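Take a look at the structures below.
Shared between the two complexes below is chain A, which pairs with chain B and chain C, respectively.
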Partner chain A sequence: MMAVSEFLSRAELLKQGAEARVYRVQLLGRPTIVKERFPKLYRHPELDKKLTHRRTVQEVRSILRCRRAGIPAPSLYFVDYTSHCIFMEDVVNSCTVRDHIALLQRSDSPQQLEHLEHLAEQVGRLLAQMHDEDVIHGDLTTSNILLRAPGSGSGSELVLIDFGLSYISALPEDKGVDLYVLEKAFLSTHPHTEPLFEKLLQSYTCSSPRATAVINKLDEVRLRGRKRSMVG
Partner chain B sequence: MNLTNTLDIFPDRRVTQMLFKEVKNAAEMRQSAVEGKIQAALINPTMLVDPFQVLVAANKAVHLHTIGKMKTRSLYSEIIFNLSPTNKISDAFKRFGVSDEDDAVMVVVVHSEDELKALSDITEIVDGRQVPVDDLSSLSDSAKIKKLYKVTPQEEKCGSLLDAVVCRMAIKDVL
Partner chain C sequence: MTVVIGFEGSANKIGIGIIRDGEVLSNPRRTYITPPGQGFMPSDTARHHRAVILTVLKEALDQAGLKPADIDCVAYTKGPGMGAPLVTVALVARTVAQLWGKPLLGVNHCVGHIEMGRLITKANNPTVLYVSGGNTQVIAYSERRYRIFGETIDIAVGNCLDRFARVIKISNDPSPGYNIEQMAKKGSQYVELPYTVKGMDVSFSGILSYIEVSSAHKMLSSGQCTAEDLCFSLQETLFSMLVEITERAMAHCGSQEVLIVGGVGCNLRLQEMMDVMCKERGAKLFATDERFCIDNGAMIAQAGWEMFRSGHVTELKDSWITQRSLCLFTTWRTPWVI
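And now, the complex of A and B:
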């Protein structure tokens, strides 16, 4: 067996997804997350290898592109392009924005709404920044944005993860669809949060001169989505 | 003063880093490495941010060696190649390999748990003063490093220079 697979067979499995397994390990003294894309047996082996390789490459390229622009994403330590494994920084003391929203919603703090809105605004700003770099995330959900524990220093507290479906595009249409995917996920994960999502979009709009074109496309995509669901 | 780490993925492999200052025979050392008399990577420490950077390069070299996919001829040249942000082998040696006139050298050896003779053999050849590996921070030239790895000012706001460097090392195969 290959050394990497053998190493992972002894590692702590965090998540078994449809495309990948996520592990938590120590690598060279650092807390590390490993994302391993495994073969999909129903696909033709050659095609499968190409697709899996492409996803791995897209993921690491987008992470570097974001980081270069000052957009927080996990640092990369080691990539095995043979077993399609990415070894990256474990963002310690973090939780997903999804869990944090749920936590805030359950709290009975008088500042609950204020905190939720602040978070939504932060997310909106971050996504505008990402789209300004022409990075399309491809799978935006509140689980794919981590919130570093407040007070852990480094400026912005949000960290984008899971760039496996990402690609580079300057088209407002692609950015609009990216937001549409988030909107669907957001509203189904966090029921009755339409005004909160609206705040997110407002902050997105204020953060980039190119945002208006994207929001117009988002409106078009929503309309198409609605028509499709009426037909189907 | 040696810094020895185990490679987690290759539990029987150790990486030992030894840092020397006031080195008077860098040319001779380099020649011995070229001729294979020294089994080690001789690195110019001004291009290193932290020992972790060397570990990342060594881990990748051992990995590619194991699966037969190295880009260079030996494990030690591969470590030097892996440090570089580009895929040009000659550039990597020019920037990260030791030069004849250098007076500081980072020596990196990959060995098994009981192969300690390889280390003492090397210390015997070096005409210089061994210092703790952590002294690296006083030798490293961050302006030169930022320029070579093309680290942006924004990037340093969301992470350390070390993170910026190892990211580029990890991704250079698919640039």
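And now, the complex of A and C:
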């Protein structure tokens, strides 16, 4: 454990995300990302220990499950359960789908819409594949999907990351909520993209025989949200 | 100088406040308190508000040392909230606006909370955690709109606290949340409760059903833990979830400020936990005390002041109320400086 923290003290901090610090290092000559779930001092130590451990385990488990099914996620190099560090492949020459959408929206290329729609379809297809493996991501946002080799058109590939809140479930309800979380994050992050998200859902629907039940649940969850009374 | 009077009565508080260019001149309030084990019903709440509203109005004017002629605009809560109390208060606001010959302005309750928080704390562009009896939302302002990034997918945190208080018969005076907070200080044993976070959203119904489906009574009667321990564990669990989604929204939006508003926002343990999180990421926490966190008239006056100054008024025929809110609500202001 000492060794890991000493190693990280010299590493380049890439980002302090919502629940982890993300470092960029070289491990045996490979570009590597280290995701360190450090203790959160605001919460009760017992609760903190449980959550940190559970999330490290879930992240590893779901990445492996995806990779086994041929769904792109980073390769895992090494996990330290004492310091709660995951060492994984650095997806080099990549950017988040979030940044890429923002970039496309700002560009005035005549193919802007076409590129955006292509990307939305890719995301829809990928999520359908993931859900077909019964992986519920738990924190779907456009920041948690990377685009490898952006700009290279059809040669670009999506990579799913950040599985700390994920779990395994076959229930359409859980998959519907997963999409609901994405929908809200998507629309609040990228204004005026309702038709684009619709495309994403269409592609999701076409890509999985089990999608109809999920979309029905998504409609239910949306309706619940709208009906919720807001007193006080 | 612009003087706005604000009428708030969307839930069990009735408040009337007067604001003059950012200065709170008066802000009296009354709360409808129900016996332990009971929640407040719309018609009883409306009856309570009807009975005291004119007294509160007189207090507001007297404390401010103003006459109706000094008022420039009458603002009232148009929603979201409980229908019957909203109608009652809107009716009085409409009536005085016509009697005094002043313009009327319908204000969104959530926006009132946020604008009051910004006025009092001077927060510039915060990520807002809005937590009350009926609301649990993480809101940020971008592209001329308040946008909801995270929220509860079932019940509100205040509702969860209130219903927990009813299950173990904690007093509603002055509020269930306040009494839970005091009892929690005497609790020490941490009891694990369901913890459900989905991205930037939370779910509290699991905790509540865990507690309601006899767990609480079983744990208490078997001496496994005390009521104080349960209050402590409930707060630790609920507030950890709230801090976590706020932090996730901050990371997502790249924000370095947090503002807590709404009735649950005056809980000092929640503020303390949020502050630890903020310090750790080099961010700053802004919070207010119960005068402004809890529903009050000044917050409606303040939001009304901003709207009135930018040329908004509500015509009599448009002075409706609504029980629900739209997911996104546009605003009158130019974007916050980012």
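Throughout what follows, the second predicted complex is superposed on the first by the 217 of 232 C-alpha atoms of A that agree within 3 Å, B and C clash if a C-alpha of one lies under 4 Å from a C-alpha of the other, contacts with A are read in each partner's own complex, and residues count from 1 in each chain.
One rule holds for everything that comes next: a contact is a pair of C-beta atoms (placed from the backbone, for glycine too) under 8 Å apart; a residue touches a chain by one contact, two chains touch by 3 or more.
Quantities reported herein were computed from a predicted structural model and do not represent experimental measurements.
> On the A-aligned overlay, A:L200 touches which partner chain: chain B = first, chain C = second, or both, or neither?
In the superposed model, A:L200 contacts neither chain B nor chain C.
> Which partner does A:L158 reach: the first (chain B), the second (chain C), both, or neither?
Neither partner.
> Where does A:E19 make contact in the superposed view: on chain B (first), on chain C (second), on both, or on neither?
It touches chain C, and chain B stays clear.
> Considering only touches as defined above, state whether A:R61 meets chain B (first), chain C (second), both or neither.
In the superposition, A:R61 touches chain B alone.
> With the two structures laid over each other on chain A, which partner does A:L51 touch: chain B (first), chain C (second), both, or neither?
second
> Answer with first, second, both or neither: which of chain B and chain C does A:V34 touch in the superposed model?
neither
> For chain A, which residues belong to both interfaces, chain B and chain C?
Shared contact residues on chain A (touching chain B in one complex, chain C in the other): none at all.
> Per the contact definition, I'd like the list of chain A residues that touch chain C in the complex.
Those residues of chain A that touch chain C are 16-19, 40-44, 46-47, 50-51, 138-141, 143, 165, 177-178, 180-182, 184-185, 188-189, 191, 221, 224-232.
> Under the stated contact criterion, what part of chain B meets chain A in this complex?
Residues of chain B touching chain A: 5, 7-10, 52, 55-56, 59-60, 63, 66-67, 69, 152, 154-155, 157-159, 163-164, 166-168, 170-171, 173-174.
> Which of the residues in chain A end up touching chain B in this complex?
2-4, 7, 25-30, 57, 60-61, 63-64, 67-72, 75-82, 87, 89, 154-156
> Within the complex, which stretch of chain C touches chain A?
10-12, 80-82, 132-135, 140, 142-143, 145, 147-154, 156, 158, 190, 192, 195, 197-201, 236-237, 240, 243-244, 247-248, 250-252, 262-263, 273-274, 276-277, 280-281, 295, 323-325, 327
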